[in-house]
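Have a look at these structures, which come just after this line.
Next come two complexes built around chain A: one with chain B, the other with chain C.
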Partner chain A sequence: MLEELLMAFINGILLGGVLALLAFGLNLIFGVVKIIHMAYGQFVMLGFYFIYYFHTAWHMPLLVAMAGGIVVMGLLGMLVQLLIINPLLNAPRLNQLLALASLIIVLENLAQVLWGADYRGIPISMPIIQFGDIFIRSSYLLAFLGAIATLGILYLFLHKTYFGLAIRSVAQDVEIAKGMGINPKVIYYITLAAGGALTGVVAAFFIPIYTVHPHFGASFTLMAFVIVVFGGMGNLMGGFISAFIIGVVTSITAVLTSTEVADILALVLFILMMMVRPQGILGAKA
Partner chain B sequence: MKRNSTTSKIITVGVLLIIALAPLLATSEYMVHIGTLILLWAFVSTAWAYMARFGLVSLGHGVFLGIGAYIPVMLFNYYGVSPWLGMLAGVGAAVLVAAILGYSCFRFGLIGDYFALVTLAMAEVVSLAIVACREVTGGSLGCTLKASVGWASFQFDDKRYFYYIIFVFLLLALYIWRLIDKSRMRLALTAIEESELAASSMGVSIIRFKMGITLLSAGLTAMGGVLYAQYITYINPGTISGVGVSLSTCFKAILGGMFNIFGPLAGSAIMVSLEEYFRISFDTGFLGVSEIIFGVVLLVMIIFLPKGIVGSVSEWLNKRFGVARS
Partner chain C sequence: MLTVDAIDTYYGEFQALEGVSLKVEKGQTVIVVGPNGAGKSTLLKTILGLQKARTGSIKFQGEEISGLAPHKVVERGISMVPEGGRVFPDLSVQDNLRVGSYNPVARPNAQRQMEQIFSLFPILSDRKRQAAGSLSGGERQMLAIARSLMSCPQLIMLDEPSLGLAPLVVNMVFDFIQQMKKEGYAILLVEQNANKALKVADYAYLVESGKLVYEGDRDSFDKNPYIKTAYLGL
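Let's turn to the complex of A and B:
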């Protein structure tokens, strides 16, 4: 039992890294465009399918297929900005939420029409690493390391480049950013492209771990939400830390009870956090 | 709500007459079935709009639908409890849950999209809980109401029974809407929506009024769940609780126009007909295509008709003819 719990803990940490990446994208979009991307998990699902398709139908080498998937998801992100978010920038929050929620319907059924309802995956066998009684799947470890590396690159992008600076300034204050000669529309496109590409990256790390089906994304949207709120909406550091907390808590609960109970627990944490501490674990009292 | 009273009365009576007479003109059982679904979802989304039109946009009415649908069915299937008692139990439980959830939301001052997201999460919690209790509820496979026809078990062979029963409930919901319009509650809730601080400094009890409208809305929504379960006789956490049905309830009200008394009815009529039309015209060969078109239509309507159809039409009439409409 103890080994099982320890393994659940380690898996929670490792998966937490990937979830951190996912939450980062959602958080970035929320922070910059001030929009809640309801269909974010569905983007991961699409990314997964694209990589699968490029690899199996077009016989691309896996890494090329992954790169292709990332690029396509980035473009799709911009398309969402162009077709849905731009026309709704000044609409009530609720309409933005619902528009992106109806995007969920479109994307899930699109996947079903294009690829069918069956589970699809690219079979890759990756070794299992053993430390004494503890077994770690190297696919999890790879995803974790990759996610951390990607987060590092994102950090550098946000803090060391002109576009990163522009993105952060739009996140802080759109009006002042405009005064500094930044066109927020361009920044929105870049943000959505980055957010879309991130879902492609997450999908690439998921390839050796999961198989995909049209409703694959829903639980990840939910997870990303929970993490973002737990860490404080728009607070990137908070999201990073809470990804590991949520990852470990759900992973251990799933081992002790069932995955539904783990999801319920995550959602209850989300609800309580929204009520009692909407600024998140790290946020200052507003 | 200043209205040109004679025209609006004529329209109201006309619409209700058409609904009342429709089953007599219907050529097939199927059309009555579609009509029943329209009225049912109109009832539910009208109840949803009670709250939403005062800025309390709940994306979690699946909580109440699920409770209302599951409790009477469970009681009947396992203990043979009459659905009439089960109905009371279901609605009562939903109101109780609404009281707990509503109070905690309002006590902590959740408003706007924060309220929307929290209620969305609550809907998912109830749906997951139903799946998790799979020994009792049948999990995600759903469960079937034991067949037993007659008034005592509230199931009928003839679809027209449910058509008219649900029509009566819809009338009740519309009547309550009018009562709310004339009441102090409307003034209080409008004031609260404008500014909670200003309202409370004028002595308006924010939590009390919000709770009042929430309990009313939740109770009627749960009744919608009961009616759904009795009519369809099959329930499943994916279709009657959870995020999907919560969102589609508010889609209907918003498309029709949630600030107008007939908005949710119009929205339900359009949504249910669209769904059926696409489902039939694309058959099983293109499973999913109908939903894609449906989603795109939704998107386009949310983007271009943000006030809803009834809202946009009356605005247009207003501009065109200068008629004083709401």
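Let's turn to the complex of A and C:
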């Protein structure tokens, strides 16, 4: 029993890393552009399809297909900024939400038209690693390590470059940022491109774990949203911490009971948080 | 250097500025005094491009800048110290300064400029890794002034730099303005504290409810009976 719990804990940490990466882009976009990218999970779904398509139809080597998927998702992120967010930048919150929510429907149906409703995946068999009595799937370990490395790169980008500095200042006070010579439109494009590319990265790490279908993204949008709000909207560190909390709690609950109960518990935890501390773990009081 | 000619600025249907004209010459310190809500901040925002003037022209070094986006105006050499020393609270002191040098003209000199600023404001050097939000009101105002110097400006606009500060700190802020003046920066200072502002001014304007009502050099301002009673409290 103890080994099982320990294993669940480790798996929870591994899951937490991937969830942290998943939530990061959504959180960044909210923090900087002050908009909730409702179709974020659908972006992961599209990224998955693009990698799948590049690999199977265009016969690209898998790593090249992944890189291609990441680039295409970055460009799609900018396209969302251009076609949907820019025209609605000063619109009421509800209109922005509805526009991005309708993007969910567009993207899911687009995927169905382009690739059909079948489950598709790239069969990769990755070994299971054994440490004593503990077994870890190497696909999860790889996703975890990749997620942490990507988050590290993002941290350096945000803290060591002028663009990163501009992104952080626009997130805090857009009017003063303008007065400092920053063009927020450019920063919004960079943020959406980064957020889009991140969905491509997440999709690449999901390839060995999942198969994709047009409604694959929905649960990830919800999961990312729960993590972001749980941690404090727009607070990147809060999102990072909450991803691990959610990962470990669901993983351990799944071992003790079932995965369905684990999902319920995660959402109950979320509701409790909203009642006790609506601004989330590290969020500022509104 | 800066010529503002008959600008009208609106917030929706509300007219905040009505035919305002003013001039700042090279190396000059010009002040705009007037009561709260007279449109002084709007004037600075309009010059910087944060607000659009509906009519009129704004020329800087002979070129029309009215209608340009703020980042283009900053590039040309105008910087602003916003009201209340509005700094980025979650960024470190150092990063706040670095944002000041964001425009491509200032960026190559950022390192040297920052060292100069640290020797000018040793307190900022001591706290360079601290979040700007943890500074006192006076320190925040200094940081906002220092940040505006980072963009290699030729004209610095200050919006109510003495607002909400203790008298001793206000004196310190005005000492710095005096020092910037000596270094040859052109300064456009907007203040409610007319007494203090007049001491550093070469030329002054009085604005009331969006309109220019009086202008003159320091002496004529000092001697104007209406200004004396209404703004200088003499």
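Going forward, the second predicted complex is superposed on the first by the 280 of 286 C-alpha atoms of A that agree within 3 Å, B and C clash if a C-alpha of one lies under 4 Å from a C-alpha of the other, contacts with A are read in each partner's own complex, and residues count from 1 in each chain.
The rule is simple: a contact is a pair of C-beta atoms (placed from the backbone, for glycine too) under 8 Å apart; a residue touches a chain by one contact, two chains touch by 3 or more.
Keep in mind that what you see is a predicted model, and the values were worked out from it rather than measured.
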Which of chain B and chain C A:Q172 touches, first, second, both or neither: second
Which superposed partner A:Y162 touches (first chain B, second chain C, both, neither): second
Chain A residues touched - chain C or chain B, whichever exceeds: B
Which of chain B and chain C A:R93 touches, first, second, both or neither: first
Partner chain(s) touched by A:V71 [first = chain B, second = chain C, both, neither]: neither
First (chain B), second (chain C), both or neither touched by A:I182: second
Which of chain B and chain C A:L282 touches, first, second, both or neither: neither
Chain B and chain C footprints on chain A, overlapping residues: none
Contact set on chain A toward chain B in their complex: 36, 84, 87-88, 91-95, 97-99, 101-106, 108-110, 112-113, 117, 214, 218, 222, 225, 229, 258, 260-261, 263-264, 267-268, 270-271, 274-276, 278
Of all residues in chain B, those that touch chain A in their complex: 57, 59, 104-105, 108, 110, 112-114, 116-118, 121-122, 124-125, 128-129, 131-132, 243, 247, 250-251, 254, 286-289, 291-292, 294-296, 298-299, 302-303, 306
Chain C partner contacts - residues on chain A that touch it in the complex: 162, 165-166, 168-169, 172-173, 175-183
Chain A partner contacts - residues on chain C that touch it in the complex: 48, 50, 69-71, 74-75, 79-80, 82, 86-91, 95, 98-100, 102-103, 106-107, 147, 151
